[in-house]
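One structure is given below, encoded as structure tokens.
Chain lettering (A, B, C and D) follows the sequence in which the chains are written, and residue indices restart at 1 in each chain.
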Amino acid sequence: MNNQSIDIQIKKTYLDSSSVEQFITNDEAGGIVLFIGTVRKFTQQKEVVRLEFEAYEPMAIKEMTKIAQHILDHFPAKKVAIHHRVGVLAIGGIAVIIGVSCPHRKDAFDACQYAIDTLKETVPIWKKEIFTDGEVWVAAHP
Amino acid sequence: MNNQSIDIQIKKTYLDSSSVEQFITNDEAGGIVLFIGTVRKFTQQKEVVRLEFEAYEPMAIKEMTKIAQHILDHFPAKKVAIHHRVGVLAIGGIAVIIGVSCPHRKDAFDACQYAIDTLKETVPIWKKEIFTDGEVWVAAHP
Amino acid sequence: MNIKLVAFGIAKDILQHRELPFTVQSDATVGDVKELLKTTYPKFKKLAKFSLAVEESYQSDDFVISEGQEVVIIPPVAGG
Amino acid sequence: MNIKLVAFGIAKDILQHRELPFTVQSDATVGDVKELLKTTYPKFKKLAKFSLAVEESYQSDDFVISEGQEVVIIPPVAGG
């Protein structure tokens, strides 16, 4: 989904923070905050070999667009970009990039944190962690 | 100043967020937060033509290093980079890039915000705003 | 009536299919289908939670499903 | 004794020099120099605040300055 102020993407290939930065840069925004979520080597002491992300794409795009629209409506934000990766990721791979530009920095921090917190609650994307000795769908069980 | 975990730079040429991102990316860090401060077109309704940044460089490097070291000591951070531009900047130009990587995202947001808030209070760098009808050293007067 | 289940993440592992025809009572609600899923596939009871989506939106338990509709099972999400 | 003032930002505009020799009493403290600067250049009184740095660090008002030392005037900073 794309309009002048929102850039939402689900990609099967590498995410690129410079394209996010380029989209959200704006003459009226002095503060840009980017969140980049990467695959960590360890989860609760267990060594991760790789991750697999699966998305219910049309609904994920819709929910990510809702988050971006909420930010434009409730924060003094100029532009919002949310890019999410799907498929197999190795350690260090980028799973998500969120960028928000605002006239002032505090708003950009708050809005970007709102976006990633909400994404993790509402966007239909699932993550399977593959360890050396098994695999698990993250957060599936209490 | 450079060690394995801290990258501090004052540059007379363009700042580049990809070099910051590359430095702070780390297998043990799942959350990276970048703050990018750019030159806004308007300050309090007045149109900015350009900015000039001046630094007392050796002390600025020292104070930025203190900020980075404080983050490594007080947050569960893996790496910190702070790059600051000096010289003449046009609208949209990047004045500062701060990047922090942490195992978890909340810490990365908090540490990055601490860094930019503290930089604006302690680091001996000065900013002159040049308007169409005059110029002013930012924050000099009450 | 028949509906079409679509399953992602661990729900796909439980159903062992991405898509599956499923028979429910006429005028079944989202709540009814969730109960029937738990009875038919007890592993759904062990999830932290799960939701159903119709027409690409989360639907509450009282949403009435139509004949032939696509009902997507959304186990706990974990993006980012 | 003589010290060397170094001035940045608006302090350089006030002194009209980046560096300037300055005569102060022996054993002058940072506090003494700040007062003398305000007397000699009244524009310093109008600043939101200003600090002095010696050896690349902020120094408090009771810091004693040595003959020939470089004293850097730090008007309100505005990086970022």
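Throughout what follows, a residue touches a chain if its C-beta (ideal position, glycine included) is under 8 Å from a C-beta of that chain, and two chains touch if they have at least 3 such contacts.
Model, not experiment: these values are computed from the prediction.
J.: Chains in contact with chain A and with chain D: which ones?
T.: The shared contacts of chain A and chain D, listed by label, come to B.
J.: Counting one step per pair of touching chains, how few steps separate chain A from chain C?
T.: Step count on the best path from chain A to chain C: 1.
J.: On a CA-centroid basis, which chain has its centre farthest from chain B's?
T.: C
J.: Chain B to chain D: how many Å between their CA centres?
T.: For chain B versus chain D, the centre distance works out to 26 Å.
J.: On a C-alpha centroid basis, what's the spacing between chain B and chain C, in Å?
T.: So the centroids are 48 Å from each other.
J.: Mind checking the centre-to-centre distance between chain C and chain D? Centres are C-alpha means, answer in whole Å.
T.: One centre to the other, that is 72 Å.
J.: At which residue positions does chain A touch at least two other chains?
T.: In chain A, 37, 116 touch at least two other chains.
J.: What are the residue numbers in chain C that touch two or more other chains?
T.: none
J.: Among the chains present, which pairs are found to touch?
T.: All chain pairs meeting the touch criterion are A-B, A-C, B-D.
J.: Give every residue of chain C touching chain A within the complex, in rising order.
T.: Result: residues 6, 8-10, 13, 46-48, 53, 56-58, 72, 74-80 of chain C touch chain A.
J.: If we count contacts the way the header does, which residues on chain A are in touch with chain B in the complex?
T.: 17-18, 21, 25-42, 91-92, 103, 105-106, 108-109, 112-113, 116
J.: Inside the complex, what are the residues of chain A that reach chain C?
T.: 37, 53-56, 58-60, 62, 84, 95-96, 116, 119-128, 137-142
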